[in-house]
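Consider the two complexes below, in which chain A is the common component and chain B and chain C are the respective partners.
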Partner chain A sequence: MTTQYSEAYAKLENSLAGSSLSWLSELRTQAKEQFLERGFPRLSDEEWRYSNVSVLDKKAFSPVSDSELGHIDIADLDSYKLADCWTLVLVDGHYSASLSDLDGIADAVIVSSMVDALKNHPEKVKSYLGQAVDLKEAGFKAFNQAWFSDGVFVSVAANTVLDKPLQVLHVVTSAEVLANTHHVIALGTGAEATVIETFIGCAERYATVSVTEVFVEKNAGLSLYKTQLESDKAVHLGGVYVKQARDSRFKHTNFAFGSLLARTDVHTDLSQASECDLNGLYLGVKRQHIDNHTRITHVEPYAISKELYKGVLNDKARGVFQGRVIVAEQAQKTDSDMHNHNLLLSDNAEADTKPQLEIYADDVKCAHGITVGQLDDKSIFALQSRGIDEETARNMLTFAFANEMVNKIKFKPLHEQILTQVLERFPQAGIDKAWL
Partner chain B sequence: MSSSAEEIEKVIGQKYKEGFVTEIEVETFEPGLNEDIIARLSAIKGEPEFMLQYRLQAFRHWQTLEEPDWAQLNIDPIDYQAISYYSAPKKDSEKPQSLDEVDPELLDTYKKLGIPLDEQERLAGVAVDAVFDSVSVATTFKGKLKDAGVIFCPISEALQEYPELVKQYLGTVVSEKDNFFASLNAAVFTDGSFVYIPKGVRCPMELSTYFRINAANTGQFERTLIIADDDSHVSYLEGCTAPMRDENQLHAAVVELVAMNNAEIKYSTVQNWYPGDENGVGGIYNFVTKRAECRGDNSKVSWTQVETGSAITWKYPSCVLLGDNSVGEFYSVAVTNNYQQADTGTKMIHIGKNTSSTIISKGISAGKSQNTYRGLVKVAKSAENARNYTQCDSLLVGDTCGAHTFPYVEVKQPSAQVEHEATTSKISEDQLFFCQQRGISAEDAVSMIVNGFCKSVFKELPMEFAVEAQALLGLSLEGSVG
Partner chain C sequence: MISIKNLHVSVGDKPILKGVNLEIPAGEVHAIMGPNGAGKSTLSHVLSGKEGYTVTEGSVTYKGQDLLALEPEMRAREGVFLAFQYPVEIPGVSNIYLLKAALNAMRKHHGKDEVDALDFLTMVKGKIKALEMDEKFLYRAVNEGFSGGEKKRNEILQAAILEPSFCILDETDSGLDIDALKVVSKGVNALRDEARSFLMITHYQRLLDYITPDVVHVLADGKIVKSGGPELALELEAKGYHWVEEQVA
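Entry: the complex of A and B
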């Protein structure tokens, strides 16, 4: 059934980014062959054992060309745009210049759509595109690379700081649409940037595939937030693949709230003395299935990795956490710490968690800890004994569990947005936002 | 590194002490596996018809299976047609009735192994059912057990004397279609132990079996079945060794435990199969399926294992907690050295209400070895108030070995509480220095620290085994950490 996509994209070939570049066509062809051979991942692939994505085969989602984009209500979009940000909007997988706001960005920084970047800086893009992903692994990377329509290219020159965060707003406008985008974020030596990826869409069933390749040079630091607020019928496949040079810092914070079926990969390779900090909060209600997959590879010595993912699951929701830490033979003095905590609120919710340590070096400090459970009766009683009714007590404790992750956001407008989302998605009787 | 690095090399290089070959006449099948071989095997053992059918069914299913390759192991392909599936001491026809009749050379072997076979009565009361290659040679303490109503005998004997009992339970925990190695075992198992503890009986002594692979090119396929009826209690010990040979030998065992209402089974293993030499040549391939079913309410099964041998270990002693309030425990120390590879752990399947499980796993890897913990904790929707605590610690010795932790946790019940913790570290120079500064030699200090690291598992072992386990640990690792 993988052929349905190769047929659909054959018609759109000329509207895909960089269709005139031969090196890119070659990359796309390689990826296409890989995808046609393997197809979408199956449950028998170890890294996909908890998430069934066969819906992508069964239902034909359709990619759209940039001439047939759906209509967007600007007022609606504005409620998701963050204040004090540069904004780049992708509609159904295509850049919309009219909705974006990039005027006045410093000259040392390139922020543009992938289509424009391939026109204006093809050599620069070529040196990055496809370098951080391994197409041989099971997943949707080959699919993405074969047919991505557009995306974002961010390049920050050495020793430059992007003065305001960049928000990349992904919007899908109509049912059955497939938005497939590929992004490159490259930070030069000593550069700093904050990027926020926000995913939203209409209230229908649609699919988003998004791959972000990140290159953090020596002593540079990137803070990447992902706010996944897709419709509750959508399918979302996202991946962030990072190459970190020595002394670099990468912080990823993943808020997975939307979608019927969502999966996010965060893979990073750490060079000497680099640091990564991966955080995540997933909230599942109704029949949502949210899968978080992280892989941290300590390639060289002295690197530090920290990871904390928390999940709150209600109704029939299912949350998955798979975290893998690999310490290569040379990576002595590695310090790695991984935690995953799950709160089950209903009889039908499910949590599956699989933290993995693969260690080939001896002088390392590695730990992981996971928990799955419900609210502590003693804590509820403690609140009740102070005159708070049981329902409010439960709400307060659930909120406090999630709020640990929300409080990690340093950027005010984003903090406000996430806080509102958390309170909307979970019972909030008894919690006054003004207290927070 | 410090001077202790040389000591490490020295100690790691220690020879396998159990590696002697007993020159006794053996009757061995020609290598190969087909339905005829299975029929011959079954005929030699004089098994009832249902067993032959069971074996053939398993064999036919096995032919449709492929070897599993998901484990963190590098295995040279195994040629199942190059293995001989039966090897028994020649004097099989006149099976020894008492120790006096046993081939003296065999007894000598046991002495070298340090099994107190002929000193049983004087020692702490361990009844040994020794399995030498594939046929049980001698069973001691039968009389005393019989008085208590306990059946403890080779499974081949049980098939003749208690066929109904065996038929009722065999394959109900690990079916003949369970997995590749379990199917193979079901088709060709030669012997093993059978234990039945009747209602309300507390087994008067600890039961023990010793397995040893002797002949070259033979696989050891033993099958153990232990049934603890209502309100009974049994503690079972199992030890394994094999002589040094250049070829890899295959060992594919199946152990099934059944615990009924309020019954308790404690199963302890010290596995010291030949691990191969320092270049990774030879050694036993150990593929074992061990599973316990806590069928009754308030039942309890406790697995304790000390794994120091085998070139390859593929073993996941598991508990299916069906009965309400049932308890599963898993305590493991796995030591790998040179080119050994171990992929071991447990599965705890919570189905009954208020079930609880504890997993304590300690992995120690040295040399160029790879040591993996792989475990599953599954809480079904019906398992209200299930509780699990898991702790996996790994200790790395030397910078060319690997320690891996792959836990799986699947929870479908909100009132369940599941905790998992894992750490990986090495013995720090500080700890060593601290001990040395107080006049303890580096070697003793390491031994102390490693023993401390494993203490929470060793304390679960019965006395006789704890001593052996500590000695084994010392043999494989003493002074090698630093």
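Entry: the complex of A and C
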């Protein structure tokens, strides 16, 4: 049932970003053909074997044009806006200038909606758009490229530092809405930036599809955070596809707390002596299904990759981690380290974890460690022996397990937001936030 | 302070302690020495309430109460403190958070208000200095990445802050170099007073050069087979545990 989306989008075609640009129409047409042939991924696709996304076929989610946007509770929105940031807000997949705050950003930096970037800097966008994604792979990239409505374009000139983090706030306002956006973040040689993608929505069922292409030029560094706080009925498909040039640094941290069904891809290709650091914390309750899929390709020698994903799963929640590391034949002296730890709080919770190392070089260091377990009795006893009751001890240890990831956040407003979210989502009796 | 009478303890079907009798009056330091497998650690675990041990016979009376009937946290709140042989690492919980949570749990139990944040910090900083630890330790995750010596010092820091009545030191000296041992011993000696008792479990006589016990006991095959003054430890060091076991046999 892939045709329902092509019919829905046929009516909106003129409102999609860059609809007058022939090169983009061509890209969209290629993607559309690919999607109509293949559809959304199936369980028989190896990289999707744990996550069933057939709901996207069975249920028609509806894209909306920028004239049909739903109502936004401003006070609620403001509570998710981070202090000391540039803010760009996307509502139901469309840029909202009135809700955004980009005034005063340096001339050497472009931060704009994809619609505006395609108007004002079409050649620049053209040099990046679609370059980091492989449409032939199973996934949602073809769907996204065929019909993305808008998105964000960030370009930081060489040797420029974005003075404040940029928060891209994705909001979905109404039930059954499909927000489908495409983003490009491009850092010139020696540039530095921090970008935070925040996903929120109304309390209903809706769908978000978001693809971010990242280009980190030589010796540049991007820190990209994702805060996924979608409604607990939502479907979320997000992907970050990265090209890292020599000596570049890319750090990604995914806080996946929301959605009924969530998937995040982080794929990166590493050039010589570049470094990636991928982190994730997923918290699942009730029937939430949260999937993290990473693929790191060491293309050239001396690159370093680090991964740490932690999950806390309660009730009937299911967490999935698939970590694939590919070391090409010429990528000697690769240093790769992958860890995934899962804490199960209920007998009915499930963690599926699958590290995959494909090593074609012979002089490399590749480590991985995977655990799935419950709270450690020794640690509970250690706390009890200091006068702390068992329930509080369990809460503290559960919190502590998650807090290891929270504590990695150096940007204070984000740290505060994530800490609050973690505390709200898990039992917190006996935990004193003021002292953390 | 504590009175252990005819204590028999099993792990599964296997008897480990086979009738331990021990009285520690307030203010005294008792050392328990003994070969591996004698039941030293079992004794410390049973006294602090760790799961996995079955008391098949005997009793432990602490300050007039049946200690074995209390949950581990209640024992702690009543003043029983175990310095672990292998302190656990707790990533994600800072040392200062644990110290404060523990102290407040004790205070609440005794009907006192939560400790004032500023007073607490001043107090903790004083104690940490006495143990020659860096203040940065307070903000690091509990025992994570600590060296063996730092972990043991951290246990003593907890004791110094919680001010227990009965301290069990389970091989607190094992694995320490001489400098670390001196610091830990200094910390323990600073805690000695007429109201506080200690049970020191150790393999090595060396500890007793720095913390002089009132009584030394030898535990072998689940029983205390010999008790004496500090000189007993020296004799043990010279003659080996074999000597005691032979005397008993």
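Here is the rule we go by: the second predicted complex is superposed on the first by the 436 of 436 C-alpha atoms of A that agree within 3 Å, B and C clash if a C-alpha of one lies under 4 Å from a C-alpha of the other, contacts with A are read in each partner's own complex, and residues count from 1 in each chain.
Here is the rule we use: contacts are C-beta pairs under 8 Å (C-beta built on N, C-alpha and C of every residue); 3 or more make two chains touch, one makes a residue touch a chain.
Note that the coordinates shown come from a computational prediction; the quantities given were computed from them, not determined experimentally.
Engineer: A:K286 contacts which: chain B (first), chain C (second), both, neither?
Structural biologist: In the superposition, A:K286 contacts neither chain B nor chain C.
Engineer: First (chain B), second (chain C), both or neither: which does A:K136 touch?
Structural biologist: Touch status of A:K136: no partner.
Engineer: Could you tell me if A:S346 is touching chain B, chain C, both of them or neither one (first, second, both, neither)?
Structural biologist: first
Engineer: Is A:K412 touching anything from chain B or chain C once the two structures are fitted on A? First, second, both or neither.
Structural biologist: Neither: A:K412 stays clear of chain B and chain C.
Engineer: Give one of first, second, both or neither to describe whether A:K11 is in contact with chain B, with chain C, with both, or with none.
Structural biologist: The answer is neither, since A:K11 touches no partner chain.
Engineer: Identify the partner contact of A:E404: answer first if only chain B is touched, second if only chain C is, both if each is, neither if none is.
Structural biologist: It touches chain C, and chain B stays clear.
Engineer: Taking the superposition on A as described, I'd like to know which of chain B and chain C A:G369 touches: first, second, both or neither.
Structural biologist: Only chain B is touched by A:G369; chain C is not.
Engineer: Could you list which residues of chain A make contact with chain B in one structure and with chain C in the other?
Structural biologist: Shared contact residues on chain A: none.
Engineer: For a test of understanding, state which residues of chain B touch chain A in their complex under the given definition.
Structural biologist: Per the stated touch rule, the residues are 70, 72, 379, 381, 394, 396-426.
Engineer: What does chain A use to touch chain C in their complex?
Structural biologist: Contacts found on chain A: 376-379, 381-390, 392, 396-397, 399-404, 407, 430, 432, 434-436.
Engineer: What residues on chain A touch chain B, complex-wise?
Structural biologist: 46, 329, 332, 342, 344-374
Engineer: Would you pull the chain C residues touching chain A in the complex into a rising list?
Structural biologist: So the residues of chain C in touch with chain A come to 48-51, 71-73, 75-77, 81-82, 84, 87-88, 90-94, 96-98, 100-102, 105-106, 109, 117, 141, 158, 162.
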